[in-house]
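Input: structures, listed below.
The two complexes that follow have chain A in common; it is paired with chain B in the first and with chain C in the second.
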Partner chain A sequence: MRRKNILIAAVALILLSLGLMLEQFWLKVATEALIMMLLAISFSLLYGHTGLLSFGQGAYFGVGAYGFALAFTRLHLDFPLCLLVGVVSAGLWAAATGYLCVRLAGIYFAIMTVVVAQSTFFIIFQWYSLTGGDNGIQGLVPPDVISGTRGYYYFALAIVSAAFYAYYRLINSPFGLSLRCIRENMIRAKFVGIDEHKHRLKVFILSGLFAGLAGVLFAPFTRSVVPQMADWISSGKAVFMGILGGASYLLGPLVGAAAWVFLDAFVSGFTVHWPLIIGILVFVIVFFMPGGLMGLVHSYRVRAKARKRGSSGLLSDGTET
Partner chain B sequence: MAEILRTEKLTKHFGGVMAVSGVNLVVNRGDIHAVIGPNGAGKSTLFNLITNYFEPSAGRVLFKGQDITGRPAHAICRMGLARSFQLTNIYPKLTVFESVQMSLLSIEGLAGSLFGSTGKLLQEDTENVLEMVGLIEQRDLIGNLLSHGDKKRLELAITLGNRPEMLLMDEPTAGMAPDETWEIVDLVNKLRLEENLTILFTEHDMDVVFEMADRVSVLHQGLVICDAVPEEVQKDEMVRECYLGSAWPVTS
Partner chain C sequence: MELFINQVFSGLVRSALYFLVTSGLTLLFGVVGTLNMAHFSLYMIASYLTWTFHTMLRGFEFSFWSAFILASAGMCILGWIIERLVMRHIYERELGDQLLITFAMVYILDDVTKIIWGSNPLFVARPAILTGVISWGGISLPASDIFVLLLGLVSGLGTWYLLARTRTGRILRAAYSHKEMLPALGIPIHRIYTGIFVLSVLLASIAGSAWTLMGMVDLGQAHTLLIEAFCVMVIGGMGSFVGTAVSAVICGLTYSFAILYVPKIATLLIFVLTGIILVFRPWGLMGTSGRLH
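== the complex of A and B ==
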């Protein structure tokens, strides 16, 4: 327990000092990594914790961003209120579309999320009078205090930390356990009195809120929104980051998003063949480390513990919370 | 004795196959009631109809006087009717403790709660259930790592966590070693006494059936061909012909 607190303090110190130490380019990369953690969390909640494979989290990322942008440029609301409008619109869209998706199971659920996401993309893309179509919306400048690279890094750090805490509480709550029961054995879960439809819809909305919050933070970060934020590449990114880190582990989405964004920035510095690298990376993960990076850490720890006890007796596997 | 469960003309056909045809079954409160019959007689289907795992083609199910036909599984469970499955149904990657804790949380109406941490919630109640079925030592193991017999116990603990009034067990001792089997029999007998549970179960081991049951219903090709106390069932000519075989000793 005490070791855990020291670890948390150390990570906090590193994250806080990064804001002072990093140069502009890497500070921006770090900010993007923070924001993308929320998108990875959104995927992990559904896939890692509930067993629902969503290929459509990009839709809620996009809706969050556009919700913010429209509130900002059309309604001229205060900045914090615009953030709220963005998150709420993503949540509402997740509720409406989730209602359709959670009725389906397995591959049909996955296909439905793709259908919903592509529809969302095309609505944004074609509704020219509202969204500006492929021009997107520009001029999303945050208030002075956080408009600098450093200011925005700290702003994102604060919001993402709070959201991460919410995610931590969520997966440790009774609801979080219910989700894992649904993932492990839906029939058994039903027959101990868990209303699986209701639970799946609830987690779908919650994960939409996380994706929406990511979109809301991303819009003022790049000062603009474009329809591509809601496209299938955006959704795919959520999947890759989640899988890379290990979607069923508490820290999986954080590690996955950070690894992804930094790798992206690093590799695209010297080659244009970044997608090729991604392809190979995904291949390696799927074949050799299905638990992702945190899965590796976890199995190492289980083995170390067993060695300490002088036996091969596995104590606990599954979700590291 | 008051009845707790009643089926009226319960029927299920899969295409042209009549799996269960017009079964009228009454289970009295506090009884241990066995449903026996050859393979394919419709025992599991009957259980699946009662708990609405399958929708009946016709007929009704009444539990505590209420019509529960077609109600969602989770709602039936919340009314106090829990079940286990023929093929052991547990959560492979959850710990024994978590698996049972879930049932308790669910019945307390906390399954959807976003507040509080599961670490300590209902710890005592969960441990009591584990103590009862003899799994307290294994509380931190994940379900997958248990032996077959312990998996069966875990599933029993999962159903008991729901604090049911009535328990449906589909072959509770299937695949168990003989001594494990008798441990389960003792456990079930104890549960009936201490928790005042009503139990409806299917079983292929006739020694177990005639040791445990207060009442036996015999199913053959989807029909109830006999419904009586064990002694009479053993003597019944038709049952002997259809199922027990003429070699079964008349006296027990």
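== the complex of A and C ==
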């Protein structure tokens, strides 16, 4: 427990000092990584913890961003209130579409989420009078205090840390445990009295809120929103980040999002064929490292522990949440 | 009345396209139990291939028809390669892995398409025989649309005949329901899986070539058809070939009448329709509830 506290303090110190040390470009990348962690969390909550493979998290990311943008440019609300409007609209959209999706299981669920994401994209794209269609919405400048690159980094850091704490509490709560029970054995979950339908809808809405928060933070970060934020390729981003880090580990989405965004920034420096590279990367992960990056760390730790005890390590393969 | 008949006709043409795009997907899912997310990318690549062969054979009298056949052959080879390299390694894996791998293929294939053909939309000139309009009574129908409709009918009936009326079809159906029994009887199940995947790609290829008669070839064509095609698949019942045909007709007609009255939300209407049907029949019109989990 002491070691854990020291580790948390060290990470916090590093994250805080990064804001002072990094140059403009990499600070922007770091901010994007922070925001994308929320999107990865939203995917992991569904896939890693409940076993629902969603290809539609982009929809709530997009709705959150557009909710913020519309409240900001049309209603001229205060900045914090705009953030709230964005998150709430993502949550409401998740509730409406989730009601439909969670009735389905397995492959039907996956397909339905793709359809929802593409439809959301389509609505935003076609509703020209409200959303500006293909042009998107520009001029989303945050208040002066956080409008600088450094200011916005610290702002994102604060919100993402709070959201991560909420996620941590959530998956360690009785509710989080029953989600994993649903993932492991749906029939047994029903036996012990878990209303799996209601639980799945709840977690769907919660993950929509996380994706919405990511969108809300992303809009003032890039100062603009475009319909492509909501389509299934955007949803794929959430999927890949979650998988890259290891969706069922607590730190998986954080590691995955950070690795993804930094890799993207690095690779974009010398080639435009990022999709090709990410496609190949997913092949490698699925075929050779099923648990993602955190899965590698985990199996290394299991082996190290076994070596200490002097056993072969075959019998001590513990499972993590 | 003429307007009505015209709308029905164009709806049926749309249905034929839906059916061609979706039937391969359904077939693969029905026999092997794998959903290939990259199916639409293969459909798009078929359009590009048709364009390439058509351009190469410019001046030749039957350039479109040759391009059609060459593109189909090329896609079959590509399908065979993909099956050997990727698909056969994921049939036995769990659902999540299957979707991830095929989704990663969407990224790879789309990017490779962009590298080879660039991002500008391309056009394929229709052959002379399909440029005219066929008039009958007060109704006049474009020849190319009639061709697409016939193509859908012939491919559908052909595949149905193969599945329902031949020995191969019985083996294919057994490959889903009695997977362990087939190898025991000396039937090479891997070869069957390869065959069915190539057949599914061939159907996508026919759809892609047919699309070149209906619109422009571009990188977005797969994504714009995605909602409709998945809805057709879900409404029909995943893995049900006949169900796919029925729901293709339903969605095609819905689309063609919606485009007349509410053009902006025609695609969304299909999505709403899917939602309504799923509330009452979560496994689709002709699917079986056993496949739900």
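A few notes on this one:
Everything that follows uses one rule, which is that the second predicted complex is superposed on the first by the 312 of 321 C-alpha atoms of A that agree within 3 Å, B and C clash if a C-alpha of one lies under 4 Å from a C-alpha of the other, contacts with A are read in each partner's own complex, and residues count from 1 in each chain.
Keep this in mind: contacts are C-beta pairs under 8 Å (C-beta built on N, C-alpha and C of every residue); 3 or more make two chains touch, one makes a residue touch a chain.
A quick note: this is a predicted structure, and the numbers were derived from the prediction, not measured.
When both complexes are superposed on chain A, chain B and chain C end up sitting side by side without clashing. Once chain A of one complex is fitted onto chain A of the other, the partner contacts of A:L53 are limited to chain C, with no touch recorded for chain B.
Contact with chain C, but none with chain B, is seen for A:F287 once the two complexes are overlaid on the shared chain.
When both complexes are overlaid on chain A, the residue A:I107 reaches chain C alone and has no touch with chain B. In the overlay built on the shared chain, the residue A:D231 is in contact with chain C alone; chain B does not reach it. Of the two partner chains placed by superposition, only chain C is touched by A:S119; chain B is not. Between the C-alpha centres of chain B and chain C, as viewed from that of chain A after superposition on chain A, lies an angle of 80 degrees, to the nearest 10. Between chain B and chain C, the smallest C-alpha to C-alpha distance in the superposed model amounts to 13 Å. Counting contacts by the rule stated earlier, no residue of chain A appears in both its interface with chain B and its interface with chain C. On the side of chain C, the complex with chain A involves touching residues 29, 35, 86, 89, 95-97, 99-101, 103-108, 110-112, 115, 223, 226-227, 230-231, 233-234, 238, 264-265, 267-268, 271, 274-275, 278-279, 282-283, 292-293.
Within the complex, the chain A residues that touch chain C are 47, 53, 55, 100, 103-108, 110-112, 114-115, 118-119, 122-123, 126, 186, 231-233, 236, 239-240, 243, 273, 275-276, 278-280, 282-283, 286-287, 290. Considering their complex, residues 169-170, 172-178, 180-181, 184-185, 187-196, 198-199, 202, 314-319 of chain A touch chain B.
For chain B in complex with chain A, the touching residues are 51, 53, 72-75, 77-78, 82-83, 85, 89-95, 98-99, 101-103, 105-107, 110-119, 121, 140-142, 144-145, 158-159, 161-162.
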